[in-house]
Amino acid sequence: MISRRGFLTGAATVIGAGAVSRAGAAVLPEAASNGDAKTNPPPLPPNGRTFHPVVTLNGWSAPWRMKDGWKEFHLVAEPVIREIAPGMYAKLWGYNGSSPGPTIEVVEGDKVRMFVTNKLPEQTTMHWHGQRLANGMDGIAGLTQPPIPVGKTWVYEFEASRPGTFMYHPHADEMVQMAMGMMGFWVTHPKDSQQFRVDRDFVFLLNAYDIAPGSSTPQTNTMLDFNLWTFNSRAYPGIDPLVCRQGDRVRIRVGNLTMTNHPIHMHGHTFEVTGTDGGWVSKSARWPEVTTDIAVGQMRAIEFDATALGDWTLHCHKAHHTMNAMGHTVPNMIGVDQSGIIEKINQLVPSYMSMGEHGGAMNGMAMPLPTNTLPMGGGPRAVWRYRNGRHVYDGESA
Amino acid sequence: MISRRGFLTGAATVIGAGAVSRAGAAVLPEAASNGDAKTNPPPLPPNGRTFHPVVTLNGWSAPWRMKDGWKEFHLVAEPVIREIAPGMYAKLWGYNGSSPGPTIEVVEGDKVRMFVTNKLPEQTTMHWHGQRLANGMDGIAGLTQPPIPVGKTWVYEFEASRPGTFMYHPHADEMVQMAMGMMGFWVTHPKDSQQFRVDRDFVFLLNAYDIAPGSSTPQTNTMLDFNLWTFNSRAYPGIDPLVCRQGDRVRIRVGNLTMTNHPIHMHGHTFEVTGTDGGWVSKSARWPEVTTDIAVGQMRAIEFDATALGDWTLHCHKAHHTMNAMGHTVPNMIGVDQSGIIEKINQLVPSYMSMGEHGGAMNGMAMPLPTNTLPMGGGPRAVWRYRNGRHVYDGESA
Amino acid sequence: MISRRGFLTGAATVIGAGAVSRAGAAVLPEAASNGDAKTNPPPLPPNGRTFHPVVTLNGWSAPWRMKDGWKEFHLVAEPVIREIAPGMYAKLWGYNGSSPGPTIEVVEGDKVRMFVTNKLPEQTTMHWHGQRLANGMDGIAGLTQPPIPVGKTWVYEFEASRPGTFMYHPHADEMVQMAMGMMGFWVTHPKDSQQFRVDRDFVFLLNAYDIAPGSSTPQTNTMLDFNLWTFNSRAYPGIDPLVCRQGDRVRIRVGNLTMTNHPIHMHGHTFEVTGTDGGWVSKSARWPEVTTDIAVGQMRAIEFDATALGDWTLHCHKAHHTMNAMGHTVPNMIGVDQSGIIEKINQLVPSYMSMGEHGGAMNGMAMPLPTNTLPMGGGPRAVWRYRNGRHVYDGESA
């Protein structure tokens, strides 16, 4: 958990600016950094207009400063180490110490100034997915701006003109940079803080990595055969629960920046999609669902009443996406009698062990895993819990 | 076709119970078994509240018994042999002799007791996809229950509280067990049997297998490159027609438990999606479609008026999904003059034959196929036929 | 740009007819041919009922002749050479000199007669995707008609009974023939030319090819790992801009005939899906979006007000789909220090060069490309431009 004081005194980073003047650089807002992967309690807005903050699953929201009527944030694109789940670390690229970067929260009508500093080994830009803004602020390298060189800072300015849910990600070498984990959530809260009000408001991004067992850097050229399908760069058992009180009205906003559709399925309740990155869905247009298919580059806000007590899973319904570090080319040995073979192989290779003769549930089997590799099976999934009389967001204390 | 008597006297299976007491085991309901792959005529409900039964494409509905106000079903998870199409058999896992298992049909408000017996070589559970029930009945191994051990029976109880369309499938080693064919349909009919009434009501599941030519057991680790995309574990030409009268109001309910989206396309008519596994879609929210994209873990009920006479196809629009036993790495020889080569190879290999020089339509070519392998091309697709004055469900007699 | 005179005097093709009589063959309508890949200005209807023509991105609309109250078109299925982008040519199959074939534009209520001549090396048929017609006109080889033999012409007749957006493609050896580029757009304009009126109305199809670097014929057995994801068989930088005036009401109709979903994302504006190949979506059912997922075999018409000036991109949000000629198995070298290795390898292979040590943005690197191969990166995407006071459709003159 990061305290407000932590933002001010922690691993803050202020670097030389490119697009901003030397005088400007001296007054760059602090870039808070946060390297842990816990679900941080949402900070109440210290200034500016009030809003009900969202909770970022296994993540955090960025602080800002008010300056001459502008809300200023500072994002630093940089290499980060992300704990995917306890015992497994990935070398990613992110923002301000984490992948995904911090969630940006502003209020409808805010004038926003975003400082983006490039501490990657290659050029980048920032695209504000879903925002209405001037063409020059759209962040498309080679079309609306030159790329941000290594070591330089670029400034984007626009008014957060409509409330809703958005994302940010690079639009320069985007295939590589998104495969390395560069992305973040953006929420523009409504001017009237009672509008669209819910009791719980969670956000996370779907991302995917191809990290070979025993290694830690994603293969960025992989188009299809990923082996880690993650929620905010976390996999089972590293995904915190989404904790609610029974009776709460709950919203979960999910964005997809992988390479395939993810049908997000919720147990024990039905829900409606009430918003997209294009705006809020009118009541007449909503469908009742237990599974909503989220395409790449889409955001879906789902809402429901948390009526039933218990631990209910929320997961992508593609069964392979719930298997960590899964190899998809291992042959199926179901029904193959390996008993005779094993003995013979054991004469040659003493530690040889048969696998999968009775199916895939390997409880009780103790195969040594490569270094920095999660066991197959069981994730990723968020569990959302209903508790009475408590109001906590942190998985460990829930 | 299975007669009601067949349900009672056929290959019924009652085995030792685990979670049920010894006394309980003695009174386990009979587990009807059905190993053929024909579209069975729907049985009228022999007791309990009345409903208009659905027709399961190349499948059947499970019988039940009423006991002390509970509707009791008995599903047995077990290895099965499934005829994918005439001449090709797969070694799958299913329920009660078939894959998919039998369709469960109950009425809104029914108290339902499901006995699930595990005759697989590994542990399993049952998840009642889309149902609202107590958390302990949700069937998630390691979260809401321990897995059902080999040879044991587990009992689930809940009220079928809302009408609609659901599925059942394991939530233990689910990647393997669904890839082996473990799944089934569930319909909760409305209390008022005239509500949502249609003239024809068909159901089937989309599933997929990777069965190498000449073999019969699916590769359960395959994530993407399946070679058999099936309707209820059947492929062309093994898929029965969906027979209607001209003018009928027709509903087709389709669930997807594969690893990718299937855009189901209908010829000659337009339709609307009127229901999902989350409930019924209000009229104001419906879209006119000729193709609806069904994501993994989704159910879509489509409805239309059968106005035009003829044989119209209903198929997934991904062209490769209509090719049986398709190998996706064979190089393209279109435009490559193979004539000189053939002669030279024939001096070495007398039976060598060129392939695909003019395209892929191989009518008239007679290449020997591996054992237990369907020829490429042509399936799967359901043909739905409009006939006047007949009211039959069986493909062969239609 | 093709003039009307060009249609009448150009490379027209009239060949021997099969299904039509010898007398009929003599009066086959001219089959206009167009081999260039420019966005052609839409021709105003020379006869028949009036309509507001669409603009086909990097394509053209077919001319017709009126005969005894029938609107007659002549499509010739044949091998074509398509420029994918400047410097890269593909050997495809298409219609009338191009892939996709020309857009067909008719008016609601038109009686339409389609002559389809087969100049391919194998049999084919034509399916009129989304149309309501007699079963025998549906074009399914082996079900509703025999295939059209090589060298023969088939005639289809039906009334364009409902306004909307449709496609045409073969339904014989469809996996191969669509992978070779055989497809086209079809628009049935409303009887009342003011209905559904917009200022700009663009159409294009999503298609995909697997053309190995240095070669020019697609691998038609590829199911998943395509390397050219194209708009109307064009890739970046060969895709023309969609030029509008500020304030225009714009419609873009997009159909998908690839093997996967494409989430089409628009910058700087929000839109609604107002139509599908099933009909027009009622206002109550529409969702606000910035990304709409278009499944295979679906058409989506999106509409928006072109409010913001500038160059805005329109692209599939799957990042790999914007990379030309992308190889998906190249390992990631980010963070791998290759300096020592390079020296050693250079002693053996003088021209060896390290790649990707700092990421994927290779600006300034000059690696020799194979013949007929596009460089990685940057496409495909359409840029749509807002200009004041001009009303042009051609990219080069915009």
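Points to keep in mind about this one:
Note that the chains take the letters A, B and C in the order they are written out, and that residue 1 is the start of every chain.
In this text, contacts are C-beta pairs under 8 Å (C-beta built on N, C-alpha and C of every residue); 3 or more make two chains touch, one makes a residue touch a chain.
Owing to the predicted nature of the structure, the values given are computational and were not obtained by experimental measurement.
Residue numbering shows that chain B and chain C use the same positions for less than half of their mutual interface.
The rotation relating chain A to chain B, fitted on Cα atoms, comes to 120°, given as a multiple of 5. Here the spacing of chain B and chain C, counted between their Cα centres, is 35 Å. Residue positions of chain C touching 2 or more other chains: 224, 260-261, 284-285, 293.
Interface residues of chain B, counted against chain C in their complex, comprise 224-225, 260-261, 263, 265, 267-271, 284-291, 293, 308-313, 317-320, 322-323, 326-332, 334-335, 357-361, 363, 377-378, 383. Across the complex, chain C is touched by residues 79, 91, 120-123, 129-130, 132-136, 138, 140, 142-144, 147, 172-180, 217-224, 259-261, 276-282, 284-285, 293, 295-298 of chain A.
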